[in-house]
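Please go over the structures that come below.
Paired with subunit B in one complex and with subunit C in the other, subunit A is shared by the two complexes that follow.
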Partner chain A sequence: MALRDIKPTRSELINLKRKIQLSERGYKILKMKRDGLILEFFKILANAKDSRGELLRKYERAAEMMALANTVEGAIGVKSAAFSVKEVPEVHLKSKNIMGVVVPQIDSNKVRKSVIDRGYGVLGTSTVIDETASAFEELVEAIIESAEIETTMKRLLDEIEKTKRRVNALEFKVIPELTEARDFIKMRLDEMEREELFRMKKIKSRNTA
Partner chain B sequence: MGVNISAPYIYVCTRMRMRKSKLLPKEEYQRMLNMSVSEITRIVGESEYKQEIDELGTTFKGIDLIEVALSWNLAKEYQKIQEITPGTLKQFTQVYLRRWDIQNVLTILRGKMQGVPSGKIKEILVPAGSLDKVALDRMLTEESPDRIIEMLKDHRMFPVLTREYPLAKESGSFSHMENELYKHLYANIINDAKSGVKGGASFLAYIQLEIDIKNVKTLFRLRADKVDEEAREMFIPGGSLSLADFASLNAIKDLNEFIDMIRANISNDTLHVLLDEVKTKKGGVQYIEARLTRVQLEQMEKMSKRNPFSIHPILVYLEKKKYEVFNLRALARGKESQLPSEKIVDYLVM
Partner chain C sequence: MDIAVIGNSEFILGFRLAGIHKTYAAENDERLVEHITSVLQDNEVAILVLNSSDMEKVPRKLRVTLENSVKPTVIAIGGDVEGGLSMREKIKRSVGVDLWK
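Up next is the complex of A and B:
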């Protein structure tokens, strides 16, 4: 806001003072929100590190088990057992609110199954199929957990970035400009008051002379 | 062993022993453990499997070529044995190989239910049983599982399929049907063996051994998965264990107690040695399963030496041929997946 566009009036000053008050309040709240979000983010970051590590471990185990299943049962045996999968895991997406940020909450069921519920017969297959299926069930669970944590983290980061930009804009642009405008109006009003006083004195002295 | 042994029996048993002697020796596997996939492919391509490798070379490549060629060779060999065995030996061999029919029919039914293209299903069929390539191809052209079952009207698994399929269709799971089919297979084998035909007793002795080993494997597997309630469904009758024994064994939580009870119920020295080892060494279920398979083969070999002109030499060859194929596949797949040789060797049946 250029100073030359500002009307140095009392009502404008009152308006500006209100705006400054509002901006300062907003600044404080946004700063608190930013700090709160950062705290939440660090809490989730620790979980995310664990879950990512767990996910990698489970992926490696599943890949190893698949290699072993292919070795023991052959691709034919593994594919034949895979045909028996009757139910795919169900994923339910809900949302929760962390300081105004809507983050997903993922619930899943039918991921882990017992050997009876997997759809293949126990008498026609071997243990390696059970262990491979179990390793992949664990992997799917880890993916779902990681998806929730990492999406939450991403959304929090976006929100932190947005809030940080707002806080900075208020701190370094909006509030200083408003303060400057307020000071300018104050100065202009004082100036005008002094001019008025001087004019009045001049008129008075002319009248007495 | 009977005193009067007919010439065709002697002939076929001798041929089986000859074929068995042509199988890859243990040392060859040890040598192959140090080879790369391409070297293994070359060795397989220069051996008994050459014809299949050449035939399938245009359709499959790399590791898939090896696996499919091995399976085709196994199927061809089993079909040939069914052709050359005479009289009751043929009947026993056919009923013994019916397990491949179960596997193929279930694969087709499951594939059709899942909407898998026929070509993809065909790749994983092994026509080693009574249903040959032509019969399986005919089944593959049918889209409806009901029609596929209808086509098996003359097969011995038909009553179980008609009884179990509606339930399987409704629940979407074929596991119960699969278990029932295998139980029915063993019941049929026992019936045939007990029907009074010549050589039935030898066949029965082997089948009882197989059922015992299968039940023990199932018990170890159920323990690992902590299945309690539906365990009875997995029991195969006809062996040394009764259903009550099986259920009570499955309920035992302590490993030592569990092993002691198996020892008390099944009298088999080789098995006892393995069980003692499991008690002290405590290997995983996969390791125990592989060792139980070795115990079974060892016992079969002993039976075959005791009864040289019976069904035993044929069964030993059928099993040894199957494990040669499994071993070669395991070596190739294991090498391709870069599994360490020490790990691959644990799963070889030598």
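Up next is the complex of A and C:
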């Protein structure tokens, strides 16, 4: 807002004072929100690092086991075992709210299964298939855990960035501009008052002469 | 709710062994985008698993949608790119310090 666009009136001054008050209140609340979000972020940071490492390790192991199963059983053997698995892992997705940020909350069951529950013939397949299936079940468990933590972290980081930008805009742009405009109006009003007083004195002195 | 996996046939086979039925083979980029779009519209999918290398092939707009999606929650595995680098960049940008060490 350029100073030349401001009308130096009392009503404008009152409006500006109100706006400054509101901006300062908003600034304080947003700052608290930013600090709260950073605290929440720190709480899950360690978990996120661990879960990503764990996920990578489990993925590598599962990939190794799959390569081994392909070598031992052949691609067709692995495929036929894979397509005969009937039991599906169940996942329940809920969402929770952390300071206005909607994050997922995931529960799961029936991820790990016994050899019999898997559905493929126990006699027709080797233990490599069982171990591969176990490795992938472990991987799925790690995925479910990681998915929740990583999405929460990403959303928190986005919100922290947004809030930080708002706080900075209020602190360095909005509030200083409003304060400058308020000071300008005050100065102009004082000047006008002095001019008026001087004019009155001048008229009075002319009348007495 | 279910877990969905999209990737090449080698990538999805292991997940079928773990009992995941919603596995979609995407051998080229067009099929990949098609499957991702259809899974995003499926209300029964809670988690979408992608390969990190496939994630890079997805158009930027769709990738942003995937990154911001809560239902389904999207996770990329099979590389350090998604979890490591982009997360590190995000933390640096948001908090100002590299905490992903």
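Criterion: the second predicted complex is superposed on the first by the 202 of 209 C-alpha atoms of A that agree within 3 Å, B and C clash if a C-alpha of one lies under 4 Å from a C-alpha of the other, contacts with A are read in each partner's own complex, and residues count from 1 in each chain.
Keep in mind that, in the parts below, a contact is a pair of C-beta atoms (placed from the backbone, for glycine too) under 8 Å apart; a residue touches a chain by one contact, two chains touch by 3 or more.
No experiment lies behind these values; they were computed from the predicted model shown.
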item	value
Joint occupancy of subunit A by subunit B and subunit C, clash or fit	fit
Touching partner for A:V102 - first (subunit B), second (subunit C), both, neither	second
Partner chain in contact with A:L55 - subunit B first, subunit C second, else both or neither	second
Which superposed partner A:A181 touches (first subunit B, second subunit C, both, neither)	neither
Computed vertex angle (subunit A) for partners subunit B and subunit C, CA, steps of 10°	30
Touching partner for A:K79 - first (subunit B), second (subunit C), both, neither	both
Subunit B versus subunit C as contact partner of A:F41, first or second or both or neither	second
Which of subunit B and subunit C A:E161 touches, first, second, both or neither	second
Contacts of A:L139 with subunit B and subunit C, given as first, second, both or neither	second
Subunit A residues touched - subunit C or subunit B, whichever exceeds	C
Partner chain(s) touched by A:E87 [first = subunit B, second = subunit C, both, neither]	both
Shortest CA-CA distance in Å separating subunit B from subunit C in the superposed model	10
Those residues of subunit A which subunit B touches in one complex and subunit C touches in the other	79, 83, 85-87, 118
Subunit C-touching residues of subunit A, taken from the complex the two chains share	38, 41, 45, 48-49, 52, 55-56, 59, 62-63, 65-66, 78-79, 81-83, 85-93, 95, 102-104, 106, 110-111, 113, 118, 129, 132-133, 135-137, 139-140, 143-144, 146-148, 150-151, 153-155, 157-158, 160-161, 164
Of subunit C, residues touching subunit A in the complex	1-3, 10, 13-21, 46-47, 49, 67-68, 70-75, 77-78, 80, 83-84, 87, 90-91, 93-95, 99-100
In the complex, subunit B residues that touch subunit A	63-64, 67-68, 71, 99, 102-103, 106-107, 110-111, 113-114, 116, 123-124, 126, 171-179, 181-183, 214, 217-218, 220-222, 224-227, 230, 233-234, 236, 285-286, 289, 326, 329-330, 333-334, 337-339, 343-344, 347
Contact set on subunit A toward subunit B in their complex	67-68, 70-72, 74-76, 79-80, 83-87, 114-124, 126-128, 130-131
